[in-house]
Amino acid sequence: MKRTLDNETMAKRVAQEFEDGMVVNLGFGMPILAANFVPEGKRIFFHAENGILGYGSIIQEGQDIDPDLINPGGLYVRPLPGMSVFNHEEAFDMIRGGHVDLVVLGALQVSKNGDLANWFNPAKGIGNIGGAMDLAVGAKKVIVVMEHTTKDGKSKILNECTFPLTARECVDMIISDIATIELTPGGMILKEVAPGWSSEEVQSLTEPHLIVADDLKEMDLRV
Amino acid sequence: MKRTLDNETMAKRVAQEFEDGMVVNLGFGMPILAANFVPEGKRIFFHAENGILGYGSIIQEGQDIDPDLINPGGLYVRPLPGMSVFNHEEAFDMIRGGHVDLVVLGALQVSKNGDLANWFNPAKGIGNIGGAMDLAVGAKKVIVVMEHTTKDGKSKILNECTFPLTARECVDMIISDIATIELTPGGMILKEVAPGWSSEEVQSLTEPHLIVADDLKEMDLRV
Amino acid sequence: MTSKVFSSFAEAIYDIGDGATIAIGGFGGSVGMAQNLILALRDKGSKDLTLISNTGGLCELSLGGFIAGTYVDHAILFQNKQVKKMIGSYLGSPSPTTLSSLEKQWQAGEVEVETLPQGTLSARMLAGGAGYGGIYIPTGVGTIVEKGKEKRIIHGKEYILEFPLKPEFAFVRAYKADTTGNLIYRLAARNMNPIAAKAASVTIVEVDEIVDPGGLDPDIIVTPGIYVHRMVKIPKGGKK
Amino acid sequence: MTSKVFSSFAEAIYDIGDGATIAIGGFGGSVGMAQNLILALRDKGSKDLTLISNTGGLCELSLGGFIAGTYVDHAILFQNKQVKKMIGSYLGSPSPTTLSSLEKQWQAGEVEVETLPQGTLSARMLAGGAGYGGIYIPTGVGTIVEKGKEKRIIHGKEYILEFPLKPEFAFVRAYKADTTGNLIYRLAARNMNPIAAKAASVTIVEVDEIVDPGGLDPDIIVTPGIYVHRMVKIPKGGKK
């Protein structure tokens, strides 16, 4: 099987979307890794649902940990100068009110019109909505970062989602382990392929039709 | 003409309603005077619409004034230990949400079922709603303090208000310059008369029928 | 003035009887979680509780920097079969393989569950505390969240009508208080505590330190004392 | 990062054109009033403005401790005939005998007015800032406030449906800022400033002091920088 990008490399590709001064919320799991790849010279204000704006990178065990400074995933983070703290209601007013520039979420499924399913696999317990629905509805821009296919090789990009939705028509861009895809009113545009992949190979693993960009590029994976 | 209570004496009567630890909002004008008559040994938390809880007495000119510490009427007030500051939205969440124990308001008219008209005399300009409607609707208890009659001797307590309303069925008690009246589902109960006044004399200046309390008292005007 | 300071957690929750509704601050893990009040409620044993909190209790499972068994949260009230209904947002186990006590009781039909978007949970507590009758919220449109709820298009966008949550009690974890009930929190331990305090009729606080009035700068107070009814200082040996 | 700090009030309001909607913080009097930004807007002369503020401008008249002529507020924008519509709460003159510029222009049919209960004014700005489609509010039921508005009974109580206010700009007066836009206020000068900042698309701040990031304790910040877009330090000789 062809080589796909690992999680860290996808996180690096996500970090290329960061612009100086942006407010960015990184979802649970893979997205949160991007906090550690902020391009040098840029200040990103990471927003956390539990009520923090402007925290820094994740702290590994054994280092200086402040027991009261965690991100929504329960991981300890570094304080950065300019950080602010507020309550949970304010954190979601920021999200719902459209003040967050960019949200990066994981996904179970994305449909061609940008529907997102990421909170509930019906095969599994009660389901955790958490902040996902607010983030998907409220952000100025939503990027999904995920593996392109399920473990048994089925496309996670579908004509219609089959899992319970997080929000309708909310996804602007998908960064997967084999491609970068932009969602537009005119359809899904394949903008980049991972090194060694052709547009035909990506299409073969994608249920909806992909429009290949005139300027199709290989993903630039330097940081 | 018989002697009526002056503003300061009415404010003292209002202050008798203060219970230790109460949160009290005093409206513009006459009510605000009561801040200076808190019974000794009691702590009242005065709430201000501009975002203060627990301020102290009004400061006259020439004394130590903090230029940033004013009440809603634009008067400088003393800070007290335990005071807190918050924004305007929070101030009204407290009011509307029923967290304020007692509100004391001035009035143009009060009806027998407790309707209040206090924000707008149609003869005069554009009218100032301010915080009056929120206070009348939200407080656990509303006391109106006012002169019993207009300057030309007409009852301000009416069967129906004729001025634009502040809120319906909100007034619990009236402290006027000649009487104390409780509003109950069964009607208006005359509880106290000012020194030298009889219940018949008060009734003659009051449009709705007053039920004279079995234990009718003379107003106690010591502080 | 009647003191808001109680000498024990048990006394501070004396009137939480069977069937009570309690909002529990915190977010997930021990940070900002009123662990001592939860322990006292477990010991008191009140049944048929309705709980309002972000999670359904996570202390049985490890998550991020939090290790199972090193702290408590309302999972222990499920273990003790005290809960009838859970209103929250992140109600499942974070583990792909292990179920929480709540999930097991839910699957057995022993517990009723209402799952909300996290922002809607806070907004509904805001509505409860601020006297709003309802709020139109865009979150959840086109998802299972809208099921059974009224929708409305306002200026071309769809919203769900959500109603207030007004718990009888709130459990709040604060960093410092003054004796009049003013509270401050520390960093991410603030989270849902201020909104739970605002929504509840009786707010009960556990706090590291209680100072005299005047000991907190009026400008830095986060929860004004108007929202606080009872406080207990966490003693040496208490859960932190 | 692009600096949020502007070197003059005129530059900070460069794009406020004719027909703009501006929320002005403050409450009444000079406390927490962005006097320098208002002066700059008077000098710029933009017309047909819609203003959102508690009062309709009071600086022409004395009120409490405030003496006419010792400070400015948006009354000067009425004097200069720049305003088309005023949305606020305490819109008349506090004097029983003297009318304000707003009242005179309103009587002459030159200005449109929308008077709201004070709490509803903030609630509508909250809705604008927080992405709510509308809020059911009990204040004003049975009064002229309900005129032309939808009502609804919820759990036996009547409410009015109020819609969001989303001004393009806000004028905010703060005490200290850091360069990333985090703000704190001092005592009663906080008032409507944080909610105006939250509601507006472009929030412009005048402030006594601007410090480097890290110069403000994260726990005491009142308005997080996400709500702040431009700041000007009030120079020596500026209005305070």
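Observations
Order of writing sets the chain letters: A, B, C and D. Residues in each chain are counted from 1.
By definition in this document, contacts are C-beta pairs under 8 Å (C-beta built on N, C-alpha and C of every residue); 3 or more make two chains touch, one makes a residue touch a chain.
Being a predicted model, the structure only gives us computed values, none of them experimental.
Distance between Cα centroids is largest for the pairing of chain B with A. Between the interfaces A-C and A-D, more contacting C-beta pairs are found at A-C. If each chain is reduced to the centroid of its CA atoms, chain B and chain D end up 29 Å from each other. Chain A and chain D have Cα centroids separated by 37 Å. Per-chain Cα centroids separate chain A from chain B by 56 Å. For chain C, residues that reach two or more other chains under the stated contact definition are 123, 126, 130-132, 137-138, 185-187, 190, 218-219. Counting partners per residue, chain B has 52, 79, 85-86, 92-93, 95-96, 138 as the residues that reach two or more other chains. Taken together, the chains touch in the following pairs: A-C, A-D, B-C, B-D, C-D.
Those residues of chain A that touch chain D in the shared complex are 20-21, 23, 42-43, 45, 47, 52-54, 79-86, 90, 92-100, 138.
On the side of chain C, the complex with chain A involves touching residues 27-29, 31-32, 54, 56, 63-66, 89-94, 96, 99, 102-103, 106-107, 113, 115-120, 122-123, 125-126, 137-145, 185-195, 222.
Remark: chain D residues 1-2, 126, 128-132, 178-180, 182, 198, 212-215, 218-219, 221, 224-227 touch chain A in the complex. Against chain D, the residues of chain B that register as touching in their complex are 48-52, 61, 65-76, 79, 85-89, 91-93, 95-96, 115, 124-134, 137-138, 164-168.
Across the complex, chain D meets chain C through its residues 123, 127, 130-138, 152, 154-155, 157, 159, 163, 184-187, 190, 218-220.
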